[in-house]
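Two complexes come next, and they have one chain in common, chain A, joined by chain B in the first and chain C in the second.
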Partner chain A sequence: MSDRAVAVRALHAARPRSTYVRWSMIGFAALTTWAWWAGDFDVADFLSPRRMANLERFLGEVRPYPLHGRPWDWGVAWHWAATMFTDGVRARAFELPSGAEAMAVTLAISVAAIVLAGIGGALAAFPAARTFATPQPFLPGSDRSKAFQRRAWGALLHGTRGLLVFMRSIPEYVWAYLLIGMLGISAWPAVLALTIHNTGILGKLDAETVENLSPRSLAALRSVGATRRQVAAVGAVPAALSRFLLYFFYRWETCVREATVLGMLGIASLGYALSEARVRDRYDDMLFYVLLGAVLVLIGDLVSAIARGIVRRSA
Partner chain B sequence: MARSAALPRRPFPLQPRGAVVIAILALGLWSFVALDLTWAQVLPGADDFRQIGHFFSYAFRPALTFPAEDDVAGRAPLLVQALSAAKLTLIFAVTAISIAAVLGIVLGFLASTAWWAGDPSGARTTLGRYVRRTIAPTVYGATRLVITLMRSVHELIWAVLLLAAIGLTNVSAVVAIAIPYTGTLAKVFSEMIDEAPRGPSEALRAAGASPAQVFLFGLLPRALPDMAAYSLYRLECALRSSAILGFFGWETLGYYVKQQWDVGDYAEVWTYLYALLALVLLVEWWSGGLRRRFVA
Partner chain C sequence: MTASAAFRLDRVSVTFNGTAAMHEVDLSIAPGEAVAFVGPSGAGKTTFLRLLNATQRPTGGCVRVDGRCLGTLSSKELRALRSRIGFVRQDLALVPNVRVIHNVLAGRLGRMGLLQSLRAMTFPSQAMSMAAHEILERVGIGEKLYERTDTLSGGQQQRVAIARALCQQPTALLADEPVSSVDPARARDTVALLTRISRAEGLTLCMSIHNVELAREFFPRLVGLRGGRVAFDDAPDAIDAAQLADLYRLSAAEMLADGA
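Coming up: the complex of A and B.
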């Protein structure tokens, strides 16, 4: 065997290995195989002539109403879309909000929710951070406090974390469905559903940020006699703010996306317009609101990217 | 007065970061006005409060069996039904993620720049120059457009579209989740590939490797741990997406949450919510363990 082959073998033998990672891979492969086998997926049925005929009917119905059964005409389609955007649908039996209004309401839902969740997440981050929720915050290894104090802070830490886990494990859509029943019809159920779920996520991410702050300067503040609240306000928050903001905008993008579906509750959002159009079999109108939602998501991504750029540069 | 005069004058103290915070708060205010949100609507009256308390009190006593009057002979026990709903939720999520991961790697490769941009070897032949100047950027742009379209439409909307176009089949549920997840994974994968350390790929390129070889042996191995960890995180999200597909007729966990909520059986609602919680926590714990080992 040549020297090179030996060296390559040695390198190969010395590669980092982990039983956990290896068994995870095997486990995931097994899980996937099982899921495909157990899922009762009938692809032949999915592509059957009956379903394809249905698809063809659907594709005919998503054409703008004035163009049903007629050759495609951009002028007519454009005029229809412009009317939908400014006026919506005003039929005798029902009406759909204008595209512009539905977009503005959807945007407002996402903004209201993420602002509340940003505040909630930043507040929850401190009791959920190991370095803060102890009798001696940001002072490692010098804990001579009483056992009951340690236990009380431990209870607060785990209580907050448990609550955050619960808030983020339940999907926004489920929260919204439950909240409509409790709060009645207003924009609140949608806003609160997004707020609850995202507070759970932002609280976790922000708490990790607080835990990863460099302990030196915070410990120095403590050692000159700063209280818990002073260290948080003067030391931790300014140091963590940039990261908080990055997470905030990252979650806002998701909020915009989710806000396009949370709207089955009678307020004039995109989700409401979409589901109203759907139950009335107006697939052309439905597709219009779907595309408007996609545009809103793209604008949100763009604004978020610009804002994150500003935050990164100023950090 | 004297004291403040003694302090050095600071320039306008607002950093761009501070301006961003103020803009956020101003927009938040606008949204509250635009939506007509008042605190009175959300602060519950005594009656509402009792109902909300009633619902949450069942958090501590979820149903474990059907009530006697619902327990028709031959019906599977409640926990078996919850388990089978959890199973379907898991099946949809896992199959959708497995499709999205494979397509995500392919589209992520096409939407990354690291394997063709700045490749000096490509410029040597006419064909290489043509690929690098025309074909690669076109493919890159087109792929970006496709993945943006895929992920900017929510999985529930894909589900509604597929329901109308195809109908209620298990395949349409998986496709509905797989489309936006493919878009997200492709976008994130392409960023991970582009941000992976360039050392190995430069060395391979210097040794005369083709762009495909550079990708497979130089870029992909460095990005793979991050990609695996992110895919597992997305599996967690897919579980939630799969659960809420139940609100549209597939018999995942959301189906029973909606059904039991509508008839006011809060104890059973909590049973299904806890089943979802357990599924999500299990995957979170697993992916957390993997992430720690990848980082170490």
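Coming up: the complex of A and C.
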């Protein structure tokens, strides 16, 4: 073996290695194996004849009602969809909301929720940012605070952060479930559930943005005598605004989706129409609402992507 | 000794959105020559280097490498050509969180298939490891072969970037202001290293550099660029203080403009 081969081998043997990476790889493999075994995913059962028959019946039922047992006709299907969109279903025993109305309610819930969450998150970002929740922000050299002051600011920081964690650790669906119990059925539980959860998320993201702002320009404001609030309002908010907006639109996308899902709890969004149609065995109407929801989410994603693109370019 | 590349510019112009970055420049660089490009920010130094490794298309004229006009080459031929031209940038452009060996072997990517490169980036063969070690030894940091790149000092990382360029088995080295953000001692060291290696291996070396003193000391030929034109092109001794002062003289407009 040449000298170089020996040298390279010695270097390889002495290379720095991360035990963390190695153990997490082992842990990952073990966890995957366990999940497959413990979940008892039976492939044979998944494809059983009973399931297949069920699937066939379902596919027959999702065909628009006027076309049951008849050859496919785009004209009839289109007319049915248009009627569903404008009028919904007015049967003797029950009613299904029009697609337009369900869509509008879903959109309204998501917009109301994200506006509230955006404001809440931006406000919470400052007490939750390490750089602001301190006795002498950005001028550590001039700090002559007492221990109890530092503890008070620390308490505010960790208190705010803890509250944000709590808000986002409970899913929207569960918040809505609890709020329906308190407020009864209306759009409010859905709006508040989305607001609470997303304030938790936006508060965290916005706080991180604020913490990552260049401390120099903010220190410069402090050194001309600006107070903490002035620095936040005049320095930090303008600098962080484009990031805030990026996160705002990103969460709005998810709000549109979640507003649909929350309808399943009985709030008059698309989700409600969807579950109501299912309960009445109107699988064709159900599919209509599902697709309408997909369209709404697509539109939301598109609008959000365009808005974020504009914000990013101008930032 | 590897073959070295010859470059020639025939009335080359480059225009970015209507502003001329280079205006009908004629210049030729012989195989194995070492040339320093000096001039104020925005004079066209970076554009010039990018023309030579075919990452910038001229809007007029013709860039020739070894006599072949780049405009006439297919994209495959251009890739082959780029794979033999080493480029060292000021910001190094290394992948920070992988071992040094992978950054060095990345120099070979231009001549590897996908599977080969995946292997080189995970479990490189002994031959490849030894090749990488040999190159690192040439730039003086052989013992860093398996270190994580971002644990190295700035100067060491610069050497990794040079090693990556050498791993390309290049016919020419292009260096874009490699020393503008390091302290004077390290700058001198790096310029010395690049000129020494290029001379030893017979590589053509083109370096853009702000430090005129270093350029005078290490390069037999200085090209002054200003406003996308060649202001002078001569041996350092033939260039006088007035020419240099002229090169860096700022017009009022330039004083307020951002450097590129």
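Methods note: the second predicted complex is superposed on the first by the 290 of 315 C-alpha atoms of A that agree within 3 Å, B and C clash if a C-alpha of one lies under 4 Å from a C-alpha of the other, contacts with A are read in each partner's own complex, and residues count from 1 in each chain.
Heads up, the rule we're going with is that contacts are C-beta pairs under 8 Å (C-beta built on N, C-alpha and C of every residue); 3 or more make two chains touch, one makes a residue touch a chain.
Since the model is a prediction, treat every value here as computed from it, not as a measurement.
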Looking at A:F166, would you say it contacts chain B, chain C, both, or neither? Reply first, second, both or neither. first
Answer with first, second, both or neither: which of chain B and chain C does A:P137 touch in the superposed model? neither
Just checking: does A:R15 make contact with chain B only, chain C only, both, or neither of them? Give me first, second, both or neither. second
Of the two partner chains, chain B (first) and chain C (second), which one does A:R4 touch, if any: first, second, both, or neither? second
Touching A:G235, do we find chain B (first), chain C (second), both, or neither? neither
So which one touches more of the residues on chain A, chain B or chain C? B
Looking at the overlay, does A:P127 come into contact with chain B only (first), chain C only (second), both, or neither? neither
So which bits of chain A does chain B touch that chain C touches too? none
Parts of chain A lying in touch with chain B, wherever the complex brings them together: 18, 20-21, 24, 31-32, 35-36, 38-43, 45-46, 51, 54-55, 58-59, 104-105, 107-109, 111-112, 115-116, 118, 165-166, 169-171, 173-174, 177-178, 181-184, 186-188, 191-192, 241-242, 245, 248, 257-258, 260-261, 267, 274-275, 278, 283, 286, 290, 293-294, 297-298, 301, 307, 310-311, 313-315
Of chain A, residues touching chain C in the complex: 2, 4-5, 7-8, 11-12, 14-16
In the complex of these two chains, what residues of chain C are touching chain A? 99, 126, 129-130, 133-134, 142-143, 145-148, 151
Interface residues, chain B side, partner chain A - complex: 15-17, 20-21, 24-25, 27-28, 30-32, 34-37, 41-42, 44, 48, 51-52, 55, 87-88, 90-92, 94-95, 98, 148-149, 152-154, 156-157, 160-161, 164-167, 169-172, 174, 240-241, 243-244, 247, 254, 257-258, 261, 269, 273, 276-277, 280-281, 286, 289-290, 293-294
